Amino acid sequence: MSATLIPEAGSATATMRRNFWQGVWRVMKRKPSRMAGVVIVVGFAFMGVFGPMFFPEHLPGNVEAITQPPSWEHWFGTDPQGRDVLALVITGSRYVLLCAAVTALITVVVGTGLGLFSGFKRGRWDTVIMRVTDMKLTIPGLPLLLVLATVWKFGSPIQMGLVLGLLGWGGVARAVRAQTLSLRERGFIEAARGLGLSTGHIVGKELLPSMAPYIAMNMLIAVTGAVYAQVGLFFLGVLPYESDNWGVMLNLAVFQAGAMIQPNALGYLMAPLLAILLLTLGIVLVVDAMDEIFNPRLREE
Amino acid sequence: MPEQAPGVRIGGLTVVYKTSAGELPAVRDVSLTLEPGTITGIVGESGSGKSTLALSLLNAVQPPGRIAAGSVEIDGLGDVAGLRGEQLRKARGKHIGYVFQAAQNSLNPLKTVGKQLLDLGRSHGVEDLPGLVREAKELLGRMGLDGARVLDSHQHELSGGMRQRVGIMLALVLNAHLVVLDEPTTALDMITQANILKIIREVHAERGLTTLVITHDIGVVAEVADRLAVMYGGRLVEQGPTREVLGAPSHPYTRGLIKAIPRLVGDIDEARALPGRPPTLTTVPDRGCVFRDRCALRMDVCDTEDPAAVPHGSRIVACHAVTVKEHA
Amino acid sequence: MTLIARRLAGHLARGFVMILVVATISFFIINNIPGDPMAARFEKLIEQGMSPDAAAQSVKVLYGFQPDGTLWQQYLDYMGGLLRLDLGESVTRPGTPVLDVLAEKAKWTVLPVLAGTLLSFLVGVILGVYAAIKRTGKLGDALAISGSLLHGIPQYVLAMLLVVIFATLIPILPADGPVDILFEPGFNAGYIGSLAEHAVLPVVTYALSAYGGWILAMKSSVVTVLGDDFILAAELRGMKRSIVFRYIARNAILPLFTILALSLGLLLGGAVFIEKIFNYPGLGLLLIDSVNDRDYATMGGAFLLITVAVIVANIVADLFYTVIDPRVRSGEEAR
């Protein structure tokens, strides 16, 4: 791994970037679980985008095989309408992932914006924003969502993503603010100002790149919370039936097919559960990997 | 349990640290004698092994380090390197007092100094605890502090100089007669430094102690120590009476050190820094002289043979060039 | 004012503001429910022959404010009612004040949550110390991984897995309500035994979901403290092992108190799921049921109470911390 001595600025950055990715590769190889995490997350993304394309719009139901336990034909059994559970999970993943994407977007945009603003301006605005964030973090999220669900049925994935995003930017905002303050303390901002750089430039070129990893990590954490929340809300049955997403599956499994009472419907129950587990696990592993890559203190060179 | 100052004889001490490249020596084949009642100063840069050497006196080298060879004999205790368990624990504090660097937080932040003093007393089976407290207050008073107030304070309520004095008090309150001070003046302002050094000298004389001072600051050694030992790369390269070593250094490293100090009078350009950098644990050569890469007197034999510590009068120097010169 | 009193006052003020905010949110939600249930009820009562005034009064008793009148007036009525601890009446249980319903259900939430927290705290702290000391060995690694894993699994997933394993596949524990209805309530062995039996799975679920957080936090805290200078200093001064151990323990547990409030908050929020799955008649189940039954006064009350519980947990945890850590005390006094 040698840095070439070509005195062109372009090549130097290219070399640095290459070294960075080589470093990432090394970290991944060291603990294969991290690689697994990336594979899982990418796999789910794939499944969400392309999966439903492999199945017809309305899955065929076999009335003669309702609520069957796992078998060779149906790996996870069938639901009360005779549909293959595995197919249901795959088609249902689109909702979950679309919603997660929307949540991620809003969390990042709102969180970063407010965090930067707060860290930059300080003073009264900072206190106000921080108090609001604190308050939001204290009010228990699930009950709030339940109560909100009475006035507004935010069933569609985009609406759901919107609501969850608006409730979940706290973590990102805190992290961004902390980073901004620390960079400010280290004189980055003053130095840039001294050089006459505009605020926009300071934010875009100096601050954001170094904060990107923390933003990404917090966003992923917010996404796990969002997945947990949306599945939970559908499971509790407070939102109208939207599509066969995982939460609805859980709801039907427990309350209609009695999955917790008789073993027949176990497949129907376990499939979405395992899907959630796997997805959350994947994200946690990726966050762990990112933490080790970007947090030099943890790296065991 | 001797009532007077104990002598210390370190013989051929080697301390190694386990790394991914195997066990590397932080201290190699060091022999040093502390005469009873003297103050000895060990001078070295960071990474020279001086702190490890100090810890060895209490057999307190932390894993992944361990004492690999040699002995540390202390009058009244025997070979400390062989002590374990309860015996070792009792020796620490009661026979040997250790004073930490001022910058370190050597006190439990959650408890008052007084409570920790009582913990210390109970750990060493002191029956007269009120007597111990009185002694502590006296010691603190002698060092210029309000004993009662300090005992009631928590660590964060005390300044650096106060904490250092508390450290000295804790090292002496059980009547230890061998005291080790690790960088006692680092991180203190000049005036407090002078005060602390004065206290060390006076307490040493009053109580008849054997004292060992570890420092990177030659000025400190010049002020308090009777004998001076210089460490480099884990080896003891020169030792002798302070005045003599400072006035006429033998070993090239010691000479380089002295030369690098700018004088108050005269041309500042006369001060010359040593070229190169000291070795770290992983870059220490395993054969030959540790100092050869920076030495003006380098000879062929320096590359292959480790120089032995040879006495010349009251001095002991480990250098091929010096040995040749002296026995020419 | 002493430091603690001052901090308490600060917390109470902030808590009060938060309760205000939550109550306002509740109010706006109740006011804006599609289909305007209050107006509907008002109409119905008038149809049944009640005079408009009496009908309005009746609605006010139920929901806390009248169906007509300005928004501001309604808001004031509602808030006034809250101050008097009048949360309206439950529609599904005619004639019962919401407050009474809440009081009856609260224990089914608070007790299991507290039990779960205590259990997970004890186990997590002890194992966390172990994980820190043996962190280079396989056991330490395994413990840390167990913590990470459990920390990441959503509560209801845990609950369902536990039910599937211990109630369905291997039916050894019940998962259907707080107690067997065959037993007479009271201090008899049968009742208490059944209570305990039915409480096992819910409490274990709470405990398992919180355990991860504790063990990871404790391990990290102990590792930090072990590296602290004063531990080495104590050893070099010849302090007894038991004393050094106590030094490590107290210093390591301290930062965990900041997590206590968070943990309690999470568990209280997740009570919704756990109570639904285990059919436990607590505040969470009450919230869900009242939403489904359109009993909005109760819904508002349950939501408010859950939030208040979280706020109280926060305050208690912070006060605890202030009392134990002398550095905080001095820091504040110096201001």
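First chain written, first letter: the chains are A, B and C, and each begins at residue 1.
FYI, a residue touches a chain if its C-beta (ideal position, glycine included) is under 8 Å from a C-beta of that chain, and two chains touch if they have at least 3 such contacts.
Note that the structure is predicted; figures quoted are calculated from it, not measured.
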Lowest number of touching-chain links that must be crossed from subunit A to subunit B
2
So which one's got more C-beta contacts, B-C or A-C?
A-C
Provide the C-alpha centroid distance between subunit B and subunit C, rounded to the nearest whole angstrom.
56
Approximate Å spacing (C-alpha centroids) for the pair subunit A, subunit C
25
What residues in subunit B touch two or more of the other chains?
none
Touching at least two other chains at once: which residues of subunit A meet that condition?
none
Tell me, which parts of subunit C touch subunit B in their complex?
228-230, 232-241, 243, 247, 250-251, 254, 324-327, 330
Any idea which subunit C residues touch subunit A in the complex?
14, 17-18, 21-22, 25-26, 29, 32-34, 148-149, 152-154, 156-157, 160-161, 163-164, 167-169, 175, 265, 268-270, 272-273, 276-277, 284, 287-288, 291-292, 296, 299-300, 302-303, 306-307, 310-311, 314
Contact set on subunit A toward subunit C in their complex:
131, 135, 138-144, 146-151, 224, 228, 231-232, 235-238, 250, 254, 259-263, 266, 269-270, 273, 276-277, 280-281, 284, 288
Using the touch definition from the top, list the residues of subunit B that touch subunit C in their complex.
58, 60, 62, 89-94, 98, 100, 104-111, 119-120, 122-124, 154, 156-157, 170-171
